Amino acid sequence: MAESQARISLEEFERLCAESAPFLRHYDFRTEDIGVGSARVRLPYDERHIRPGGTVSGPAMMALADFCMWAAVLGAIGNVPLAVTTSLNINFLRKPDNTDILCHARLLKQGRRLAVGDMWLHAENDGEPCAHATATYSIPPLPEN
Amino acid sequence: MAESQARISLEEFERLCAESAPFLRHYDFRTEDIGVGSARVRLPYDERHIRPGGTVSGPAMMALADFCMWAAVLGAIGNVPLAVTTSLNINFLRKPDNTDILCHARLLKQGRRLAVGDMWLHAENDGEPCAHATATYSIPPLPEN
Amino acid sequence: MAESQARISLEEFERLCAESAPFLRHYDFRTEDIGVGSARVRLPYDERHIRPGGTVSGPAMMALADFCMWAAVLGAIGNVPLAVTTSLNINFLRKPDNTDILCHARLLKQGRRLAVGDMWLHAENDGEPCAHATATYSIPPLPEN
Amino acid sequence: MAESQARISLEEFERLCAESAPFLRHYDFRTEDIGVGSARVRLPYDERHIRPGGTVSGPAMMALADFCMWAAVLGAIGNVPLAVTTSLNINFLRKPDNTDILCHARLLKQGRRLAVGDMWLHAENDGEPCAHATATYSIPPLPEN
(Lines give C-alpha, C1' and ligand atoms only; values in the text may rest on other atoms or scores of the structure.)
Protein backbone atom coordinates (compact mmCIF):
# COMPACT_ATOMS: atom_id res chain seq x y z
CA MET A 1 0.00 0.00 0.00
CA ALA A 2 2.70 2.46 1.05
CA GLU A 3 4.50 1.65 -2.19
CA SER A 4 1.78 3.23 -4.25
CA GLN A 5 1.69 6.48 -2.34
CA ALA A 6 3.88 9.43 -3.20
CA ARG A 7 6.43 10.31 -0.53
CA ILE A 8 5.43 13.95 -0.74
CA SER A 9 1.85 15.22 -0.82
CA LEU A 10 0.64 17.88 -3.22
CA GLU A 11 0.11 20.22 -0.27
CA GLU A 12 3.61 19.73 1.09
CA PHE A 13 5.10 20.10 -2.38
CA GLU A 14 3.25 23.35 -3.01
CA ARG A 15 4.33 24.71 0.35
CA LEU A 16 7.95 23.88 -0.47
CA CYS A 17 7.64 25.66 -3.83
CA ALA A 18 6.03 28.74 -2.33
CA GLU A 19 8.57 29.05 0.47
CA SER A 20 11.88 28.33 -1.18
CA ALA A 21 11.63 28.65 -4.96
CA PRO A 22 10.83 32.26 -5.90
CA PHE A 23 11.71 31.58 -9.54
CA LEU A 24 8.53 29.52 -9.87
CA ARG A 25 6.20 32.51 -9.47
CA HIS A 26 6.84 33.59 -13.02
CA TYR A 27 5.59 30.34 -14.51
CA ASP A 28 2.50 29.78 -12.40
CA PHE A 29 2.81 25.99 -12.78
CA ARG A 30 -0.15 23.91 -11.59
CA THR A 31 0.97 20.60 -10.14
CA GLU A 32 -1.96 18.33 -10.89
CA ASP A 33 -0.61 15.00 -9.68
CA ILE A 34 2.38 13.48 -7.92
CA GLY A 35 2.94 9.73 -7.66
CA VAL A 36 5.88 7.53 -6.68
CA GLY A 37 8.32 8.70 -9.33
CA SER A 38 5.78 10.42 -11.54
CA ALA A 39 4.10 13.80 -11.87
CA ARG A 40 1.79 15.83 -14.08
CA VAL A 41 2.15 19.61 -14.26
CA ARG A 42 0.29 22.27 -16.28
CA LEU A 43 1.75 25.48 -17.67
CA PRO A 44 -1.18 27.88 -18.09
CA TYR A 45 -1.10 29.70 -21.41
CA ASP A 46 0.02 33.26 -20.86
CA GLU A 47 1.24 36.07 -23.08
CA ARG A 48 4.37 36.38 -20.95
CA HIS A 49 5.74 33.08 -22.28
CA ILE A 50 5.44 33.95 -25.98
CA ARG A 51 8.34 33.83 -28.46
CA PRO A 52 8.61 35.06 -32.07
CA GLY A 53 5.91 33.27 -34.06
CA GLY A 54 3.35 33.54 -31.25
CA THR A 55 3.98 30.20 -29.51
CA VAL A 56 5.17 29.27 -26.04
CA SER A 57 8.93 29.77 -25.75
CA GLY A 58 11.46 26.96 -25.51
CA PRO A 59 12.69 28.21 -22.12
CA ALA A 60 9.16 28.01 -20.69
CA MET A 61 8.91 24.40 -21.91
CA MET A 62 12.35 23.56 -20.49
CA ALA A 63 11.33 25.06 -17.14
CA LEU A 64 8.13 23.01 -17.20
CA ALA A 65 10.02 19.78 -17.97
CA ASP A 66 12.60 20.38 -15.27
CA PHE A 67 10.00 21.31 -12.66
CA CYS A 68 7.82 18.30 -13.47
CA MET A 69 10.81 15.99 -13.13
CA TRP A 70 11.62 17.55 -9.76
CA ALA A 71 8.06 16.79 -8.61
CA ALA A 72 8.44 13.18 -9.80
CA VAL A 73 11.76 12.83 -7.96
CA LEU A 74 10.33 14.19 -4.70
CA GLY A 75 7.34 11.89 -5.18
CA ALA A 76 9.84 9.03 -5.05
CA ILE A 77 12.27 10.18 -2.34
CA GLY A 78 10.24 12.63 -0.27
CA ASN A 79 10.88 16.25 0.69
CA VAL A 80 14.53 16.61 -0.33
CA PRO A 81 14.61 20.09 -1.84
CA LEU A 82 18.33 19.97 -2.61
CA ALA A 83 17.94 17.26 -5.21
CA VAL A 84 19.37 19.09 -8.22
CA THR A 85 19.38 18.63 -11.96
CA THR A 86 22.74 17.47 -13.25
CA SER A 87 21.76 17.29 -16.91
CA LEU A 88 18.76 17.81 -19.15
CA ASN A 89 18.24 16.99 -22.81
CA ILE A 90 15.22 18.22 -24.75
CA ASN A 91 13.94 17.71 -28.28
CA PHE A 92 11.39 20.18 -29.58
CA LEU A 93 9.09 18.23 -31.86
CA ARG A 94 6.24 20.46 -33.01
CA LYS A 95 4.95 24.00 -32.59
CA PRO A 96 2.38 23.69 -29.80
CA ASP A 97 -1.08 25.16 -30.08
CA ASN A 98 -1.70 28.38 -28.17
CA THR A 99 -3.17 26.60 -25.17
CA ASP A 100 -2.03 25.34 -21.78
CA ILE A 101 0.85 22.89 -22.00
CA LEU A 102 0.84 19.69 -19.99
CA CYS A 103 3.89 17.72 -18.92
CA HIS A 104 4.07 14.14 -17.68
CA ALA A 105 7.27 12.97 -16.00
CA ARG A 106 8.20 9.52 -14.79
CA LEU A 107 11.42 8.05 -13.46
CA LEU A 108 13.27 5.50 -15.60
CA LYS A 109 15.71 4.78 -12.83
CA GLN A 110 15.89 5.65 -9.18
CA GLY A 111 19.29 4.93 -7.74
CA ARG A 112 20.75 5.98 -4.42
CA ARG A 113 22.67 8.81 -6.02
CA LEU A 114 21.01 9.51 -9.35
CA ALA A 115 17.47 9.54 -10.70
CA VAL A 116 16.83 9.52 -14.44
CA GLY A 117 13.48 10.33 -15.98
CA ASP A 118 11.74 11.35 -19.13
CA MET A 119 9.16 14.05 -19.71
CA TRP A 120 6.50 14.39 -22.38
CA LEU A 121 5.00 17.77 -23.18
CA HIS A 122 1.91 18.37 -25.23
CA ALA A 123 -0.54 21.16 -25.85
CA GLU A 124 -3.89 20.52 -24.20
CA ASN A 125 -6.27 18.72 -26.59
CA ASP A 126 -3.38 17.58 -28.77
CA GLY A 127 -2.42 13.94 -28.64
CA GLU A 128 0.96 14.51 -30.26
CA PRO A 129 3.85 15.66 -28.06
CA CYS A 130 5.37 19.11 -28.72
CA ALA A 131 8.56 18.20 -26.84
CA HIS A 132 10.28 15.26 -25.17
CA ALA A 133 13.01 15.54 -22.55
CA THR A 134 15.20 13.39 -20.37
CA ALA A 135 16.95 14.55 -17.21
CA THR A 136 19.20 13.33 -14.45
CA TYR A 137 18.90 14.50 -10.87
CA SER A 138 21.56 14.13 -8.23
CA ILE A 139 20.19 12.98 -4.90
CA PRO A 140 22.09 14.26 -1.87
CA PRO A 141 23.08 11.67 0.73
CA LEU A 142 19.95 10.99 2.76
CA PRO A 143 19.88 10.43 6.51
CA GLU A 144 19.57 6.73 7.34
CA ASN A 145 16.09 5.67 8.32
CA MET B 1 36.14 42.40 -43.92
CA ALA B 2 32.44 41.59 -44.22
CA GLU B 3 33.23 38.12 -42.92
CA SER B 4 34.18 39.44 -39.52
CA GLN B 5 31.04 41.48 -39.00
CA ALA B 6 27.91 40.06 -37.42
CA ARG B 7 24.93 39.91 -39.76
CA ILE B 8 22.74 41.50 -37.13
CA SER B 9 23.69 44.53 -35.04
CA LEU B 10 23.13 44.73 -31.31
CA GLU B 11 20.57 47.46 -31.90
CA GLU B 12 18.60 45.43 -34.43
CA PHE B 13 18.76 42.34 -32.22
CA GLU B 14 17.47 44.24 -29.22
CA ARG B 15 14.65 45.73 -31.27
CA LEU B 16 13.66 42.25 -32.43
CA CYS B 17 13.66 40.97 -28.85
CA ALA B 18 11.59 43.88 -27.56
CA GLU B 19 9.02 43.64 -30.34
CA SER B 20 8.42 39.95 -30.72
CA ALA B 21 9.64 38.03 -27.69
CA PRO B 22 7.63 39.01 -24.61
CA PHE B 23 9.00 36.03 -22.68
CA LEU B 24 12.37 37.76 -22.51
CA ARG B 25 11.17 40.57 -20.24
CA HIS B 26 11.25 38.27 -17.24
CA TYR B 27 14.95 37.52 -17.60
CA ASP B 28 16.27 41.01 -18.34
CA PHE B 29 19.16 39.57 -20.40
CA ARG B 30 21.91 42.00 -21.42
CA THR B 31 23.33 41.13 -24.79
CA GLU B 32 26.90 42.37 -24.55
CA ASP B 33 28.32 41.18 -27.84
CA ILE B 34 27.27 39.51 -31.10
CA GLY B 35 29.78 38.27 -33.66
CA VAL B 36 29.57 36.01 -36.70
CA GLY B 37 28.32 32.88 -34.98
CA SER B 38 29.14 33.99 -31.45
CA ALA B 39 27.54 35.96 -28.65
CA ARG B 40 27.98 36.97 -25.03
CA VAL B 41 24.94 37.57 -22.81
CA ARG B 42 24.60 38.49 -19.14
CA LEU B 43 21.86 37.38 -16.75
CA PRO B 44 21.71 40.00 -13.99
CA TYR B 45 21.46 38.48 -10.55
CA ASP B 46 17.92 38.84 -9.27
CA GLU B 47 15.91 37.34 -6.44
CA ARG B 48 13.25 36.24 -8.93
CA HIS B 49 15.56 33.56 -10.39
CA ILE B 50 16.38 31.85 -7.07
CA ARG B 51 15.84 28.14 -6.38
CA PRO B 52 16.04 26.12 -3.13
CA GLY B 53 19.54 26.60 -1.76
CA GLY B 54 19.66 30.28 -2.75
CA THR B 55 21.29 29.95 -6.17
CA VAL B 56 20.14 30.82 -9.67
CA SER B 57 17.67 28.23 -10.95
CA GLY B 58 18.41 25.71 -13.66
CA PRO B 59 15.58 27.06 -15.84
CA ALA B 60 17.10 30.55 -15.74
CA MET B 61 20.43 29.10 -16.87
CA MET B 62 18.75 27.08 -19.61
CA ALA B 63 16.94 30.20 -20.81
CA LEU B 64 20.23 32.11 -20.82
CA ALA B 65 21.99 29.38 -22.82
CA ASP B 66 19.19 29.11 -25.37
CA PHE B 67 18.92 32.88 -25.80
CA CYS B 68 22.68 33.33 -26.18
CA MET B 69 22.76 30.61 -28.83
CA TRP B 70 19.93 32.38 -30.68
CA ALA B 71 21.98 35.59 -30.69
CA ALA B 72 24.98 33.68 -32.07
CA VAL B 73 22.84 32.11 -34.80
CA LEU B 74 21.39 35.46 -35.86
CA GLY B 75 24.91 36.88 -35.78
CA ALA B 76 25.74 34.30 -38.45
CA ILE B 77 22.61 34.31 -40.60
CA GLY B 78 21.04 37.73 -39.97
CA ASN B 79 17.59 38.72 -38.79
CA VAL B 80 15.75 35.41 -39.14
CA PRO B 81 13.56 35.37 -36.04
CA LEU B 82 11.98 32.02 -36.87
CA ALA B 83 15.20 30.09 -36.41
CA VAL B 84 14.09 27.71 -33.67
CA THR B 85 15.79 25.39 -31.21
CA THR B 86 15.36 21.76 -32.16
CA SER B 87 17.32 20.32 -29.26
CA LEU B 88 19.31 21.45 -26.24
CA ASN B 89 21.52 19.50 -23.88
CA ILE B 90 22.88 21.01 -20.67
CA ASN B 91 25.20 19.79 -17.94
CA PHE B 92 25.12 21.65 -14.63
CA LEU B 93 28.65 21.56 -13.28
CA ARG B 94 28.86 23.67 -10.12
CA LYS B 95 26.66 25.82 -7.92
CA PRO B 96 27.25 29.35 -9.21
CA ASP B 97 28.06 32.24 -6.90
CA ASN B 98 25.21 34.65 -6.19
CA THR B 99 26.29 37.08 -8.89
CA ASP B 100 25.43 37.86 -12.49
CA ILE B 101 25.90 34.88 -14.80
CA LEU B 102 27.63 35.24 -18.13
CA CYS B 103 27.15 33.02 -21.15
CA HIS B 104 29.38 32.68 -24.20
CA ALA B 105 27.97 30.90 -27.25
CA ARG B 106 29.71 30.00 -30.47
CA LEU B 107 28.68 27.93 -33.45
CA LEU B 108 30.43 24.60 -34.05
CA LYS B 109 28.68 24.15 -37.37
CA GLN B 110 26.61 26.38 -39.58
CA GLY B 111 24.85 24.41 -42.26
CA ARG B 112 22.07 25.49 -44.57
CA ARG B 113 19.45 23.81 -42.44
CA LEU B 114 21.00 23.32 -39.02
CA ALA B 115 23.32 25.26 -36.76
CA VAL B 116 25.02 23.56 -33.81
CA GLY B 117 26.73 25.46 -31.04
CA ASP B 118 27.99 25.21 -27.52
CA MET B 119 27.51 27.55 -24.61
CA TRP B 120 29.58 28.12 -21.50
CA LEU B 121 28.06 29.68 -18.42
CA HIS B 122 29.97 31.02 -15.46
CA ALA B 123 29.33 33.26 -12.50
CA GLU B 124 31.01 36.65 -12.88
CA ASN B 125 34.50 36.61 -11.35
CA ASP B 126 34.63 32.83 -11.45
CA GLY B 127 36.90 31.21 -14.00
CA GLU B 128 35.23 27.81 -13.71
CA PRO B 129 32.03 27.18 -15.65
CA CYS B 130 28.83 26.49 -13.73
CA ALA B 131 27.17 24.91 -16.77
CA HIS B 132 27.91 23.80 -20.32
CA ALA B 133 25.32 23.31 -23.03
CA THR B 134 25.03 22.35 -26.66
CA ALA B 135 22.08 23.15 -28.90
CA THR B 136 20.84 22.72 -32.44
CA TYR B 137 18.83 25.35 -34.26
CA SER B 138 16.77 24.74 -37.34
CA ILE B 139 17.18 27.46 -39.94
CA PRO B 140 14.11 28.09 -42.09
CA PRO B 141 14.66 28.18 -45.85
CA LEU B 142 16.14 31.60 -46.61
CA PRO B 143 15.23 33.69 -49.67
CA GLU B 144 17.94 33.46 -52.33
CA ASN B 145 20.24 36.45 -52.44
CA MET C 1 -3.54 -0.14 -45.72
CA ALA C 2 -0.33 1.28 -47.16
CA GLU C 3 -0.01 3.43 -44.06
CA SER C 4 0.54 0.43 -41.85
CA GLN C 5 3.24 -1.12 -43.98
CA ALA C 6 6.89 -0.28 -43.60
CA ARG C 7 8.39 1.47 -46.61
CA ILE C 8 11.32 -0.92 -46.57
CA SER C 9 11.06 -4.67 -46.17
CA LEU C 10 13.28 -6.69 -43.84
CA GLU C 11 14.84 -8.33 -46.89
CA GLU C 12 15.63 -5.05 -48.61
CA PHE C 13 16.98 -3.58 -45.38
CA GLU C 14 19.27 -6.54 -44.79
CA ARG C 15 20.54 -6.37 -48.36
CA LEU C 16 21.33 -2.67 -47.89
CA CYS C 17 23.22 -3.43 -44.66
CA ALA C 18 25.21 -6.25 -46.20
CA GLU C 19 26.16 -4.28 -49.28
CA SER C 20 27.01 -0.86 -47.96
CA ALA C 21 27.65 -0.94 -44.23
CA PRO C 22 30.73 -3.05 -43.48
CA PHE C 23 30.89 -1.71 -39.93
CA LEU C 24 27.79 -3.75 -39.08
CA ARG C 25 29.54 -7.11 -39.46
CA HIS C 26 31.21 -6.71 -36.09
CA TYR C 27 27.91 -6.39 -34.22
CA ASP C 28 25.93 -9.15 -35.91
CA PHE C 29 22.65 -7.30 -35.29
CA ARG C 30 19.43 -9.25 -35.95
CA THR C 31 16.70 -6.98 -37.25
CA GLU C 32 13.55 -8.66 -36.01
CA ASP C 33 10.92 -6.17 -37.10
CA ILE C 34 10.53 -2.96 -39.09
CA GLY C 35 7.30 -0.95 -39.11
CA VAL C 36 6.36 2.56 -40.24
CA GLY C 37 8.70 4.50 -37.99
CA SER C 38 9.51 1.65 -35.64
CA ALA C 39 11.96 -1.22 -35.40
CA ARG C 40 13.14 -4.00 -33.10
CA VAL C 41 16.76 -5.20 -33.25
CA ARG C 42 18.67 -7.80 -31.25
CA LEU C 43 22.34 -7.70 -30.28
CA PRO C 44 23.41 -11.31 -29.72
CA TYR C 45 25.48 -11.73 -26.58
CA ASP C 46 29.11 -12.20 -27.53
CA GLU C 47 32.40 -12.07 -25.70
CA ARG C 48 33.69 -9.50 -28.18
CA HIS C 49 31.38 -6.82 -26.74
CA ILE C 50 32.48 -7.17 -23.11
CA ARG C 51 33.79 -4.30 -20.98
CA PRO C 52 35.44 -4.29 -17.53
CA GLY C 53 32.99 -5.88 -15.13
CA GLY C 54 31.90 -8.52 -17.64
CA THR C 55 28.91 -6.71 -19.16
CA VAL C 56 28.12 -5.50 -22.67
CA SER C 57 30.03 -2.31 -23.42
CA GLY C 58 28.44 1.11 -23.73
CA PRO C 59 29.68 1.48 -27.32
CA ALA C 60 27.92 -1.76 -28.32
CA MET C 61 24.69 -0.43 -26.81
CA MET C 62 25.12 2.93 -28.54
CA ALA C 63 25.69 1.15 -31.85
CA LEU C 64 22.56 -0.92 -31.27
CA ALA C 65 20.46 2.17 -30.47
CA ASP C 66 21.72 4.09 -33.50
CA PHE C 67 21.23 1.15 -35.85
CA CYS C 68 17.72 0.43 -34.57
CA MET C 69 16.77 4.09 -35.06
CA TRP C 70 18.10 3.93 -38.62
CA ALA C 71 15.88 0.91 -39.29
CA ALA C 72 12.88 2.81 -37.89
CA VAL C 73 13.67 5.84 -40.06
CA LEU C 74 13.95 3.75 -43.22
CA GLY C 75 10.73 2.00 -42.23
CA ALA C 76 9.10 5.44 -42.42
CA ILE C 77 10.81 6.97 -45.47
CA GLY C 78 11.98 3.96 -47.48
CA ASN C 79 15.40 3.01 -48.78
CA VAL C 80 17.31 6.26 -48.22
CA PRO C 81 20.68 5.01 -47.01
CA LEU C 82 22.14 8.51 -46.65
CA ALA C 83 19.82 9.45 -43.82
CA VAL C 84 22.42 10.23 -41.15
CA THR C 85 22.44 10.70 -37.40
CA THR C 86 22.88 14.34 -36.43
CA SER C 87 22.74 13.79 -32.68
CA LEU C 88 22.28 11.02 -30.16
CA ASN C 89 21.75 11.15 -26.42
CA ILE C 90 21.89 8.04 -24.25
CA ASN C 91 21.34 7.34 -20.57
CA PHE C 92 22.72 4.10 -19.17
CA LEU C 93 20.31 2.99 -16.49
CA ARG C 94 21.33 -0.44 -15.21
CA LYS C 95 23.99 -3.06 -15.75
CA PRO C 96 22.37 -5.50 -18.20
CA ASP C 97 22.37 -9.24 -17.63
CA ASN C 98 24.82 -11.23 -19.70
CA THR C 99 22.27 -12.07 -22.38
CA ASP C 100 21.18 -10.77 -25.76
CA ILE C 101 20.12 -7.14 -25.68
CA LEU C 102 16.96 -5.99 -27.43
CA CYS C 103 16.26 -2.51 -28.69
CA HIS C 104 12.93 -0.97 -29.65
CA ALA C 105 12.95 2.30 -31.60
CA ARG C 106 10.04 4.46 -32.63
CA LEU C 107 9.81 7.89 -34.21
CA LEU C 108 8.47 10.75 -32.10
CA LYS C 109 8.49 13.08 -35.08
CA GLN C 110 8.92 12.61 -38.78
CA GLY C 111 9.45 15.89 -40.53
CA ARG C 112 10.61 16.54 -44.06
CA ARG C 113 14.15 17.26 -42.92
CA LEU C 114 14.50 15.70 -39.49
CA ALA C 115 13.27 12.59 -37.75
CA VAL C 116 13.43 12.28 -33.97
CA GLY C 117 13.00 9.02 -32.14
CA ASP C 118 13.60 7.26 -28.88
CA MET C 119 15.10 3.86 -28.21
CA TRP C 120 14.68 1.49 -25.29
CA LEU C 121 17.25 -1.18 -24.59
CA HIS C 122 16.80 -4.10 -22.26
CA ALA C 123 18.45 -7.42 -21.58
CA GLU C 124 16.34 -10.32 -22.79
CA ASN C 125 14.05 -11.59 -20.02
CA ASP C 126 14.42 -8.34 -18.09
CA GLY C 127 11.45 -5.99 -18.03
CA GLU C 128 13.51 -3.03 -16.86
CA PRO C 129 15.44 -1.04 -19.47
CA CYS C 130 19.25 -0.99 -19.25
CA ALA C 131 19.48 2.14 -21.40
CA HIS C 132 17.30 4.78 -23.03
CA ALA C 133 18.33 6.94 -25.96
CA THR C 134 16.99 9.66 -28.22
CA ALA C 135 18.38 10.54 -31.62
CA THR C 136 17.84 12.89 -34.52
CA TYR C 137 18.36 11.86 -38.13
CA SER C 138 18.77 14.25 -41.01
CA ILE C 139 16.81 13.21 -44.07
CA PRO C 140 18.36 14.20 -47.38
CA PRO C 141 16.09 15.96 -49.87
CA LEU C 142 13.97 13.24 -51.45
CA PRO C 143 12.99 13.12 -55.12
CA GLU C 144 9.39 14.29 -55.60
CA ASN C 145 6.93 11.51 -56.09
CA MET D 1 54.48 18.61 -9.60
CA ALA D 2 52.32 15.61 -8.79
CA GLU D 3 49.30 17.64 -9.86
CA SER D 4 50.48 17.72 -13.43
CA GLN D 5 51.02 14.01 -13.73
CA ALA D 6 48.30 11.63 -14.82
CA ARG D 7 47.24 9.15 -12.15
CA ILE D 8 47.50 6.32 -14.63
CA SER D 9 50.39 5.79 -17.02
CA LEU D 10 49.94 4.95 -20.69
CA GLU D 11 51.47 1.55 -20.00
CA GLU D 12 49.15 0.76 -17.13
CA PHE D 13 46.13 2.00 -19.10
CA GLU D 14 47.01 -0.16 -22.08
CA ARG D 15 47.47 -3.20 -19.85
CA LEU D 16 44.05 -2.59 -18.31
CA CYS D 17 42.48 -2.34 -21.77
CA ALA D 18 44.16 -5.49 -23.02
CA GLU D 19 43.24 -7.54 -19.96
CA SER D 20 39.67 -6.55 -19.23
CA ALA D 21 38.06 -4.87 -22.21
CA PRO D 22 37.79 -7.32 -25.10
CA PHE D 23 35.40 -5.02 -26.95
CA LEU D 24 38.29 -2.66 -27.64
CA ARG D 25 40.07 -5.07 -29.97
CA HIS D 26 37.68 -4.27 -32.78
CA TYR D 27 38.51 -0.57 -32.77
CA ASP D 28 42.28 -0.74 -32.45
CA PHE D 29 42.38 2.62 -30.63
CA ARG D 30 45.80 4.20 -30.12
CA THR D 31 45.97 6.11 -26.88
CA GLU D 32 48.50 8.83 -27.63
CA ASP D 33 48.35 10.85 -24.44
CA ILE D 34 46.82 10.81 -20.96
CA GLY D 35 46.98 13.78 -18.60
CA VAL D 36 45.19 14.74 -15.40
CA GLY D 37 41.65 14.74 -16.73
CA SER D 38 42.57 14.79 -20.40
CA ALA D 39 43.39 12.32 -23.15
CA ARG D 40 44.05 12.04 -26.87
CA VAL D 41 43.13 8.88 -28.76
CA ARG D 42 43.42 7.91 -32.43
CA LEU D 43 41.03 5.69 -34.39
CA PRO D 44 43.05 4.28 -37.30
CA TYR D 45 41.15 4.42 -40.57
CA ASP D 46 39.93 0.97 -41.45
CA GLU D 47 37.44 -0.45 -43.89
CA ARG D 48 35.68 -2.27 -41.06
CA HIS D 49 34.32 1.04 -39.69
CA ILE D 50 32.69 2.24 -42.92
CA ARG D 51 29.03 3.21 -43.25
CA PRO D 52 26.91 3.96 -46.35
CA GLY D 53 28.57 6.87 -48.13
CA GLY D 54 32.07 5.56 -47.46
CA THR D 55 32.81 7.42 -44.22
CA VAL D 56 33.56 6.27 -40.69
CA SER D 57 30.37 5.18 -38.96
CA GLY D 58 28.69 7.08 -36.16
CA PRO D 59 29.04 4.11 -33.78
CA ALA D 60 32.82 4.06 -34.33
CA MET D 61 32.96 7.77 -33.48
CA MET D 62 30.78 7.27 -30.41
CA ALA D 63 33.03 4.43 -29.26
CA LEU D 64 36.07 6.66 -29.77
CA ALA D 65 34.53 9.52 -27.78
CA ASP D 66 33.47 7.27 -24.92
CA PHE D 67 36.83 5.51 -24.75
CA CYS D 68 38.77 8.78 -24.84
CA MET D 69 36.65 10.16 -21.99
CA TRP D 70 37.35 6.99 -19.99
CA ALA D 71 41.09 7.55 -20.47
CA ALA D 72 40.70 11.16 -19.30
CA VAL D 73 38.74 10.07 -16.22
CA LEU D 74 41.34 7.44 -15.26
CA GLY D 75 44.03 10.07 -15.85
CA ALA D 76 42.31 12.08 -13.11
CA ILE D 77 41.32 9.38 -10.61
CA GLY D 78 43.74 6.52 -11.33
CA ASN D 79 43.14 2.89 -12.19
CA VAL D 80 39.43 2.58 -11.38
CA PRO D 81 38.16 0.38 -14.20
CA LEU D 82 34.58 0.35 -12.92
CA ALA D 83 34.06 4.04 -13.59
CA VAL D 84 31.12 3.80 -16.01
CA THR D 85 29.39 6.11 -18.45
CA THR D 86 26.02 7.27 -17.18
CA SER D 87 25.17 9.43 -20.18
CA LEU D 88 26.63 10.56 -23.47
CA ASN D 89 25.46 13.19 -25.93
CA ILE D 90 27.00 13.57 -29.37
CA ASN D 91 26.50 15.97 -32.25
CA PHE D 92 27.77 14.90 -35.65
CA LEU D 93 28.95 18.05 -37.39
CA ARG D 94 30.58 17.14 -40.70
CA LYS D 95 31.39 14.10 -42.79
CA PRO D 96 34.99 13.30 -41.86
CA ASP D 97 37.66 12.70 -44.46
CA ASN D 98 38.65 9.08 -45.02
CA THR D 99 41.61 9.25 -42.65
CA ASP D 100 42.39 8.44 -39.05
CA ILE D 101 40.14 10.24 -36.59
CA LEU D 102 41.54 11.92 -33.52
CA CYS D 103 39.69 12.61 -30.31
CA HIS D 104 40.61 14.99 -27.51
CA ALA D 105 38.79 14.68 -24.19
CA ARG D 106 39.05 16.86 -21.12
CA LEU D 107 37.09 16.98 -17.89
CA LEU D 108 34.85 19.98 -17.26
CA LYS D 109 34.12 18.82 -13.74
CA GLN D 110 35.58 16.20 -11.48
CA GLY D 111 33.40 15.60 -8.47
CA ARG D 112 33.54 12.80 -5.94
CA ARG D 113 30.72 10.94 -7.61
CA LEU D 114 30.50 12.29 -11.15
CA ALA D 115 32.93 13.45 -13.80
CA VAL D 116 31.71 15.47 -16.79
CA GLY D 117 33.79 16.04 -19.88
CA ASP D 118 33.67 17.03 -23.48
CA MET D 119 35.25 15.40 -26.51
CA TRP D 120 36.24 16.85 -29.86
CA LEU D 121 36.69 14.58 -32.86
CA HIS D 122 38.33 15.57 -36.12
CA ALA D 123 39.76 13.85 -39.13
CA GLU D 124 43.54 14.03 -39.20
CA ASN D 125 44.73 17.10 -41.13
CA ASP D 126 41.34 18.78 -40.75
CA GLY D 127 41.09 21.70 -38.34
CA GLU D 128 37.29 21.53 -38.19
CA PRO D 129 35.67 19.02 -35.84
CA CYS D 130 33.56 16.23 -37.34
CA ALA D 131 31.81 15.60 -34.03
CA HIS D 132 31.51 16.98 -30.51
CA ALA D 133 30.34 15.03 -27.49
CA THR D 134 29.78 15.43 -23.78
CA ALA D 135 29.59 12.59 -21.29
CA THR D 136 29.11 11.91 -17.61
CA TYR D 137 30.92 9.13 -15.79
CA SER D 138 29.91 7.72 -12.44
CA ILE D 139 32.85 7.18 -10.11
CA PRO D 140 32.46 4.29 -7.68
CA PRO D 141 33.21 5.03 -4.02
CA LEU D 142 37.00 5.06 -3.69
CA PRO D 143 38.93 3.68 -0.74
CA GLU D 144 40.04 6.46 1.58
CA ASN D 145 43.67 7.46 1.20
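First chain written, first letter: the chains are A, B, C and D, and each begins at residue 1.
Note that a contact is a pair of C-beta atoms (placed from the backbone, for glycine too) under 8 Å apart; a residue touches a chain by one contact, two chains touch by 3 or more.
The model shown is predicted, which means the values in this text are computed figures rather than measured ones.
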Contact distance in steps, from chain B to chain C: 1
Chain pair with the higher count of C-beta pairs in contact (A-B, B-D): A-B
Identity of the chain that, by mean CA position, is farthest from chain A: D
Whole-Å gap between the CA centroids of chain B and chain D: 29
Inter-centroid spacing, chain D versus chain A (mean Cα positions, whole Å): 33
Interchain centroid distance [CA atoms averaged], chain A/chain B, Å: 23
Numbers and ranges of chain D residues touching at least 2 other chains: 86-87, 89, 91, 136
Parts of chain A lying in touch with chain D, wherever the complex brings them together: 86-87, 89, 113-114, 136, 138
Parts of chain C lying in touch with chain D, wherever the complex brings them together: 16, 20-23, 25-27, 47-53, 57-60, 62-63, 66-67, 81-82, 84-92
Residues of chain D that touch chain B when the two form their complex: 89, 91, 93-94, 108-109, 116, 118, 129, 132, 134, 136
